[in-house]
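Okay, so subunit A shows up in both of these, paired with subunit B first and subunit C after.
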Partner chain A sequence: MTERLFTWTIWLSAALVAAALMWVIGDLFSLGAAHLSLDFLLSAPRDAGRSGGIGPILVATVLIIGVTLTVALPLGLMAAVWLAEFTVRGDALGNAIRLSLDVMAGVPSIVYGLFGNAFFSIYLGMGFSILSGGLTLACMVLPVFIRTSEMGLAAVSDAWRQGASALGMTRSAAIWHILLPAASPAIGAGIMLGIGRATAETAALIFTSGYVDRMPESLLDSGRSLSVHIYDLSMNVTGGDTAAHASALVLIALIIVFNLLAQWFTDRWLHRRQLA
Partner chain B sequence: MNKHHTSPFTLGSVDEAQPCCVPAPQLEVRALSVSYGDRKVLDTVSLDIYRGCITALIGPSGCGKTSFLSAINRLTDMLPTAKVEGSVRFDDEEILNAGVDTLQLRRRIGMIFQKPNPFPLSIRRNLELPLREHGVRKPRERSERAEQALRDVGLWNEVKDRLGSSAMALSGGQQQRLCIARALVLKPEILLMDEPCSALDPMSSAVVEELITRLRGRYTIVIVTHNLAQAKRVANYAGFFWMTERVGKLIEFGQSQRLFDAPTHALTRAYISGVSG
Partner chain C sequence: MILSKDSSLYHWNIDKALAPLLLLAGLACVAILLLIVLFLSREAWPVLANGGWRAFVADNGWYPLEGLFGLLPMLAASLAVMLGAIVLAGPVGLGCAIFLQFYAPQAVRKSFRLLLSLLAGMPSVVLGLWGLTVLVPLIAQWQPPGASLLAAILVLALMIVPTMALAGAAALSSVPADLISGAAALGMGARSRILYVAVPAARRGMLSGALLSMARALGETMVLLMVAGNVVQYPHGLLEPVRALTANIALEMAYATDLHRAGLFASGLLLTLLVLVLAWLAARSLRHD
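Let's look at the complex of A and B:
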């Protein structure tokens, strides 16, 4: 009897979670799918977004994510390598950095927005720009990415480090050719978490990349991200709901595409490194 | 001087071989001590490792045999708390000096670990990566040397059709032979083996043991083993380590046959006959 109850509870919980997700997506589909068209994806918004499309907004979103990844990936990987390979267990500096990363990972995004506004937009004079927004998101994504990659590296067997060392290989060769490829599933997961967080971000971008919905001409132009667009349509524009739902559908599709790309990229990289 | 001299070198090229087991020291170890932090694990060990011979180190677990091996190829450098004292001369050059190029040293002194540790790469890349790291630029030379090393360990026919697939898919015994090939591909002079058969099933273990005896003469081999019968079968020289007051010491060292047949020290006699340890 209890066994059956247990089984039912497990099934029910899983079904509830799946149902919630289906509800959200189904809702978006029924309210926004009719509005979707190629023209919607390519044209500029008109009448504050009530009509027209999201062309410039898609471009701005991709540019912001691009800036974020360009900065966060190399910096994050190197930081993770330092934490995992160059600090001794129990090292005070390493532990202090780990602790601050964990705290930073939990800081609300609005705080990153204020920091980005004060530092990148005002102090460094970048103003409201895609660059400023992308850098702010990089700060936000880094802690999670570093910690995930570090844990991936730490889980790599010590036998390979010893083996590489005993063959007279340099530390950098061992890290580049053996340890990083072995940790690449974790690194890939870190990238996906980061992309997900960055694509969904609104609060940190309002203060940094702004909400101008023109087509951006450079990284120093202000640009409105999809999430900011959705926020604006649903909060500030009466009659913008349909466009908001359609934009939300595009946002979800975009996150899926980014994740697939990241997965494909890490798989390919892993494969090339390991089986060449 | 020993019956193995006539054993057929069916694997690898015979002409490159040194005269088998020259009674001339290639490594002279003097008063070698190893400690980790405050804890001394090996105390003033002195012995000679003879060129082309197989030297077996026996004794109970934890008596410093692995630390002895790690000190010789300076793998102890990887452990921040490890401290090595004394002297190890390799062909009349001190290798414990701070200025020694450890990458070169480890190319000349290869090491095989207890648990096979092939890299999670393809079989080919396992062999070619170390070569590339040691400056072998020509892909052709790399693949020739990889093939030779695989032939030397008798693995070529088993894997030649799947060099591009992952080394992790090989069986335990094949993995260990691949690791030996990976060490041989760098043309080392000495091979340190830390219980190379203990993680293998009996059949794989026998194959690896046969391989070790075939490497005699071409390479100087130092092997740590808990298998006394194996030590007796393969070794020309043997050293017996024992732990007194938690510190490892070399109790007796000499020609293997003599050490096993007529040990001079009471502890050796007891250990060999299975009374203690």
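Let's look at the complex of A and C:
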């Protein structure tokens, strides 16, 4: 009897979580799907976003993510390679860098917003801009990207490094042609985690990239990200709920598309070099 | 790491330049952290200097425009939401972890994992939107005003359940199989094997998952901002509106100046400190395994 009760409880808790997710997604679709159209994706918002579309907001979102990746990917990959390939166990400098990354990973996103506002927007004079928002997000996603990539590199068998060394390859060549491609699944996963975080982020952007929903003309213009748009529509605009739900569907789709793109890109880029 | 002599095949050795260049990237990360600490403290300094932080505890209420900075009610609200969410999500997450590890048929396991990662990747502003437009009106029908501690706890619990479940499943999967088959050989049923052998053996990993979930709940802004009601008061009942520390920063940063702004940065520092303590405890509980 108790066995059966226990089995039921376990299945019930799993069903509960599944049902809750279905409830959320079902509501998003039923409240927002009818509002979706090509016109909604392309046109500018009118009447504070109640009608019209999200064209400029999509552009701003893509630009913010673009800035984030342009900074975080090279910097993060280099740091990950240094941590995995150039430190020995117990290296004080390596540990200091790892500790810094762990601390950064724990800082709440709203605090990144405070930092970005004080440093990028005010101290460096970027104001409320796409650049300032993108750089803030870059600081935020660096730790998760670096630690995932580092773990991937560390998991590559030492035989590969020895083999490369025995063939007379330089360390740089071994890293570029052998180790990075071998670690590509982990690097790809790190990129996806980073993109997912950056696209979903709202709190860090409100006070760095701002609210302006016009089409951005340069990286120094303020741009409203899709997540900030959803927040603004639902909290500050009465009658904006339908547009907010439609935007939420687009945001989720965007995260999925970004993930697929990152997957495709890392597969192609790293796989081809592995074959060459 | 493999230590090899510099290759003699090349005149110009790129390797010599590589290590310092990569190290520079690593040091840049440390520099970013230092900048974060420096700028948060710099902005918070007007309040922290001369013992001004005592106002956080001593002042009666949060009226920054009148110079009253008592943030205890909001700290209490943040902690109440965090505890409520973990009390709710903990058992359900444990159930899901056991389900993944011991009960789910192969096909179901894969799709349930996918479902959990979908939920984990759900943007918090979207969960907040759902809470605001679906859950809050539901609660308001029963007991107005709807936007309340309860709404925040429910949405946050949904948000942290995947973390709990996935961390729990990972901890359970690292329990040695002979431990469980040994228990079976002693005639223990599935329930006892799981509850009295597998779960205790995996307790450190689970504790770490729970602490990380709590850190996430404490640092969450959007959900709390959108569904908790934003009234500054001690949490008296589940159906009362409250304002969390994170939501307060998001609400007031737009117009805060001088001391008020410094107060918000100081509360950001306090929040970071609390989250870091939780993350440190989580890492510690794993290390002693």
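Just a few scattered comments:
The rule is simple: the second predicted complex is superposed on the first by the 256 of 276 C-alpha atoms of A that agree within 3 Å, B and C clash if a C-alpha of one lies under 4 Å from a C-alpha of the other, contacts with A are read in each partner's own complex, and residues count from 1 in each chain.
One rule holds in what follows: a contact is a pair of C-beta atoms (placed from the backbone, for glycine too) under 8 Å apart; a residue touches a chain by one contact, two chains touch by 3 or more.
Quick caveat, the model's predicted, so the values are computed rather than measured.
Within the superposed three-chain model, A:Ile146 lies in touch with subunit C and out of touch with subunit B [touch as defined at top]. In the superposed model, A:Ala244 makes contact with subunit C only, not with subunit B.
Between subunit B and subunit C, the partner in contact with more residues of subunit A is C. Applying the stated contact rule after C-alpha superposition, one finds that A:Ser165 touches each of subunit B and subunit C. Residue contacts after overlaying the shared chain place A:Ser157 against subunit B, while subunit C stays out of touching range. Legend: residue contacts after superposition of the two complexes on their common chain; A:Ala203 is shown touching subunit C, with no touch to subunit B.
By the touch criterion defined above, A:His177 reaches subunit B but does not reach subunit C. By the touch criterion stated above, A:Val88 is placed in contact with subunit B and with subunit C alike. Within subunit A, the residues touched by subunit B in the first complex and by subunit C in the second are 88, 161-162, 165, 168-170. Across the complex, subunit C is touched by residues 2-3, 6-7, 9-14, 16-18, 20-21, 23-24, 27-28, 31, 74-76, 78-79, 81-83, 85-88, 93-94, 96-97, 100-115, 117-119, 123, 139, 142-143, 146, 158, 161-162, 165, 168-172, 175, 196, 199-203, 206-207, 227, 230-231, 234-235, 241, 244-245, 248, 251-252, 255 of subunit A. In the complex of the two chains, the subunit B residues touching subunit A come out as 73, 75, 78, 80, 102-107, 110-111, 113, 115, 117-122, 125, 129-130, 133-134, 164-166, 179, 182-183, 186. In the complex of the two chains, the subunit C residues touching subunit A come out as 1-2, 4, 7, 9-10, 13-15, 18-19, 21-30, 32-33, 35-36, 39-40, 42-43, 91-92, 94-96, 98-100, 102-104, 112, 115-116, 118-119, 121-130, 132-134, 158, 161-162, 165, 189-191, 194-195, 215, 218-222, 225-226, 246, 249-250, 253-254, 264-265, 268-269, 271-272, 275-276, 278-279, 283.
Listed in rising order, the residues of subunit A touching subunit B in the complex are 88, 157, 159-170, 173, 177-178, 181-182, 273-276.
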